[in-house]
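Look for chain A in each of the two complexes below; its partner is chain B in the first and chain C in the second.
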Partner chain A sequence: MKRKFDLYAMTWRLPIIFWQLLFFVGPLLFMVAISFFVVKNYRMTEAFEMVNWQKMLSRGYFWDSYWYTIFIAGISTTVAMLLAFPASFALAFRASDNLRRWAIFLLIIPFFTSYLVRTFSWYVILAESGVVNAMLGQIGLGPFKMLNTHFGTVIGYLTLTLPLVVILQTVTMANVDKTLIEAARNLGCKPLATIWRVVLPLSKTGLIVAALFCFILSFGDFVAPFYLGGSQEPTLPILILDTTKSGQQWPRAAVVAIMMMATLFTIAFAAIALAYRKGGAR
Partner chain B sequence: MKPKHLITRRMTPTRRDVLRIGGGMALSAPFVGRAWASTTEINMLAWYGHGEPDMVGAFEEANNVKFVPKYYAGGDNMLALIAQSPPGTYDIILSDAEFVQQLNAAGYIEELNAADYPFDDMLHEDFTKFPGHWADDKLYSMMVRGGHLGVSYNTTAASAEEAASYEVFWKEDLKGKVGHFDWHLPTLGMMSLKNGNGAGLWDLDDAAWSAVQETTLSLRPQVGGFFDYGGTFNGLKNGEMLAMCGIGDWITGVLERDGAPVASTIPKEGGIQFTESYSIGKDSEKADICTKFIQYMLSPEGQVKSAQMVAYPGFCITKAGRAMLQEVDPAEAKRSHQMEGMANDPIALINEGRIHYRDIPQQQSLEDWNDFWSEYKNA
Partner chain C sequence: MTEPLVTFRNVKKHFGEFVAVREMDLDIHAGEFLAIMGSSGCGKTTTLRMLAGLEAPTSGEIRIGGDLMNEVKPHERETPLVWQSLALFPFLSARENVEFGLKMRGVGKEERKRRALEWLDRMEIGEFAERNITTLSGGQKQRVALARSLVMEPKMLLLDEPLSALDANLVIRMQAVLTRLQKELGITFVYVTHSQSEAFAMADRVVIMSQGEIAQVGSPKDIYRAPANRFVAEFVGRNNILSGTVASLDGETVTISTPSGAFVATAPDTARSVGADATFVVSADLVSVSREEPTGENRVLCTLISEEFVGSMVTLFLESADGHEFKVQMQERDLIELDLHNDDQIWLSWAVQNAHVLDHE
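Here is the complex of A and B:
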């Protein structure tokens, strides 16, 4: 059946379409375009040359940073999902509605403060002369090096992502039909098996979306690997900064940024496909 | 307690109040605007700290001007900011000396009148004809301060004798505790000095460049991180890093003033001098007041302010400036060795040939050095 053009509905849709065109599609196309520009005397010059792509993709350090960024963001996502799950489960199934509301409110509070400030506060906690090592020292352990390590980077990523992951997981699981869980338990399903065979399949979409958000935020974060990881090894956002700092190579930085976006698009599409895949649990 | 009718009157303005206040504001507006306009704004492009009140406050007050600083980090960044701005955007530009030549070649700066500046009061002959500041006997930039880069270390982790050589960075006890200031130029310059390149540290043929890369890579297992100014500062302060490559007193001096057990020294292989110079932006309409400001920075008062600068200290380059520093702040003069006869007196170090002015690579491009730096960070 042919749908009638609805001017009223379109009027409401237009602002978001314009917004996306202006602030997402436009800059994205511009970024693709400048990846073919060249820099002469610290000034970008319009051109259509492959030199930036050839230069960046042929460098070993680009690929080292690329795989390291995927690896460390993957670790961060796994840790965040595992740490968040017990808390989210308790909030979704054990806590009262009132307590859950308060918990979600408290989880939102960290976002009121600057992420950079929260990251810097870890210096006091993780330093060799910091709070954690002082406590471990009381029982004869340490000091352990935590700043300027992969561990420091992951702590920074979790500072950014963990509250969000807990919120997304909680909201997802709170919407699971509790009668299905009770039915499983009444039919003799053990607690862990109930989680595995009922809760997880029913919350699959939300959990995958939570993991995806966590990965996206970690993958693109500059602050944690720079300030808590000591830039060793550099992630792709740090490589972008290094590239622009030396010789103002914005076109080469655009190549790195496009590679990052392409990677995230691929992972996001795969994750969404997995989340909405039909064929349920057996 | 006030009578109730008075409180009500305060809270509820009458029509007469509104007319009186509104009328007063309307009538005074043109004068406010004029008073505002009479303060001349000077657009400054500089490293962080140069446009802060401790540096420009007194000059602003005395001359009814207001500096509007735009801060950059690194010469490349500075050149890009100028290249991307219309002519006349920046009235005064503070740059590292090695980038002055490029500023001039691109036509971004005005010629200066040499007679305006105290060349006869310079502490060292080199400062009167600083490389790149003159072209065809015309002056384009005026050096105002400098600082030395060498071995920066925690005095509880290494002795002064150990810090007298770049070898200290390879010390077993410092494994994982050596930090890098995240800029290739000073670190690779130091590695070149360690390899014995001396005055030719920037002029490396293929073999010497390979050797510098090899030396640098051998340091990688010792390295605990790569930091910006804030990270370097924090790393040294909280003891996460016990030695730093690529910096000098411009960072440890700030910590030292606060009592931290850190110091910077110029090792036997030699050190590097960073030099900061002022230029006047091309087509600036405020060249006269900018000239006056550069003169102020070279005056004894300006030189003392530079030596005491909150963000990062630099040494005096004029005799009168040094004399005044010794008089008004002998502790800082002593701390920074700006006293005749002291070991590590910056001027004596230059005279002894232990200091080399920072430059850009002569036989490789900056891009080559940056590429290697990225590889090194990933190694």
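Here is the complex of A and C:
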């Protein structure tokens, strides 16, 4: 009786690292193991063979998908960062503290509803007979095909990331010491140039982290390319789905997943290193 | 009289309902060291910011070199400011900080570097040129901030409590550095401070501000000897302030009867009438102390309450029969000769020309 109680208490006192091992590192190692399994007669069997790695990494369609995913996530990140910047800048420097609080609160609200539902709502707006084309039709334009295009994918990604990017950028830039902007002006810096000379260097870390988040979310997203992008150019998450469906190829799907994770690790590592690199001399 | 470099004419600054600066008239002359002094929140920084174009006056005119500056943007002015917080760019090295203004003015790379290093050397921190700002000490940062402004070769340098973040012994050193620089360069310094000793030690002229208004402008000596009003008299400290009514008038002098007795003081040429309220001040270091009753118009018998020593100077705190507090400042060795003890009765006296009637309350 006493022993059991101790064990219970111990379990809760175990450091967070244990849970990390159990629920993150464990499954990850298991996935690595699976990538060496083989599938025979639609059944996965334990093995240690390089065949999945050889097959996947030598296929043109894998690399097409790989570079396409990086490309479209990169484009989406760039667009999100650029679209968000003017709004964040205004919220950080022009808005009152009160307005900024409300804006951040409102920007969190989209996360209350399912991303999937929000994505579906774009159907109504972007469809060939949807709201946008109807309006363009009024002035004699269109209809344009927007669903099942790269554009659709990017719109989907932005649905997921844009509010988050605005929040992160705003919070970062709101912390910029306004005296430094005035000091630059006092030394002859034109108003717009202060963005480049002062605001960006001071908010570099936060902006890179915002971009990194945006990229990670887009890179791993399945919903946008599937429902709005039409998946004719499959991104890696869609490739994973297709691979598991076709002939129960879980091991090959694991290869794709590991490649994705390795890519994200590399990019995240480089981004954080860049974010915290010291400007100027030591 | 040459044209002043800067003129404030009826300048007001409101922040919504709040009036930060009201009806300011001020001339600043080329080459002078002007201190703007006042307690926290009296509008010193706001005044300086208007001069730098960082705030626009709500009404009135500010001219620099005769040109109306109200609408001129900060980056179009030559009014470098040394910030209270220093406001150095943490992402740049010391040298890059100093180069910043030159870069904005389109000075070439080599020239920029040469001039920045020249100024860093002049400020005796040449060896730290390539160091990141965040690794420098308070005094070194202070010098970088000065170099960053002075490298622009301005006609006028604005300083907002630049020494308030330094420790006391460093403050004295930097005061000397600043006054010497100002003399060597011959440019105008507009120096904001809340410290009376700093303003009086460094400046040619001092502007005393109170609640958005100028209380008095004058040389440290003038303000110290003849404060214009009660606020300044109290602010400057060290003053004995006595209030009463005018008993008689005689040209330049006025006899004022106070609860401590009747005293004769000099009055500036403002109209006064017998029976009117009047206040006069006597600086604490111009009051003499003696055992025997002195001759002369102004004397009062007091009881010694306490003594306060600062260096070789001592301040005596005394009380007259009616309970008014008097202050006397003297050399410590003079005090030893007098052999005074607390509760001793002693005579205070001062010359008529050292007692000044305030212009207004």
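In this section, the second predicted complex is superposed on the first by the 264 of 282 C-alpha atoms of A that agree within 3 Å, B and C clash if a C-alpha of one lies under 4 Å from a C-alpha of the other, contacts with A are read in each partner's own complex, and residues count from 1 in each chain.
In this section, a contact is a pair of C-beta atoms (placed from the backbone, for glycine too) under 8 Å apart; a residue touches a chain by one contact, two chains touch by 3 or more.
The structure presented is a predicted model; accordingly, all values stated were derived computationally and were not measured.
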Clash-or-fit label for the pair chain B, chain C on chain A: fit
Partner chain in contact with A:Gly60 - chain B first, chain C second, else both or neither: first
Which of chain B and chain C A:Val198 touches, first, second, both or neither: second
First, second, both or neither for A:Leu239, with chain B first and chain C second: first
Which of chain B and chain C A:Arg277 touches, first, second, both or neither: neither
Which of chain B and chain C A:Glu182 touches, first, second, both or neither: second
Partner chain(s) touched by A:Lys145 [first = chain B, second = chain C, both, neither]: first
Chain B versus chain C as contact partner of A:Ala127, first or second or both or neither: first
Partner contacting more residues of chain A (chain B vs chain C): B
Shortest span in Å between Cα atoms of chain B and of chain C, once chain A is used as the common reference: 46
On chain A, positions contacted by chain B and by chain C: none
Residues of chain A touching chain C in the complex: 177, 179-180, 182-191, 193, 197-198, 201-202, 204, 278-282
In the complex, chain B residues that touch chain A: 73-74, 76-77, 79-80, 83-84, 106, 176, 179, 182-184, 223-228, 231, 234-235, 238-240, 366-367, 370-371, 373-375, 377-378
In the complex, chain A residues that touch chain B: 41-43, 59-61, 64-65, 68, 123, 127-130, 145, 147-148, 226-227, 229-234, 239, 242, 245-249
Chain A-facing residues of chain C, complex: 52, 54, 73-75, 79-81, 83, 85, 87-93, 96, 100-101, 104-105, 130-133, 135, 148, 152
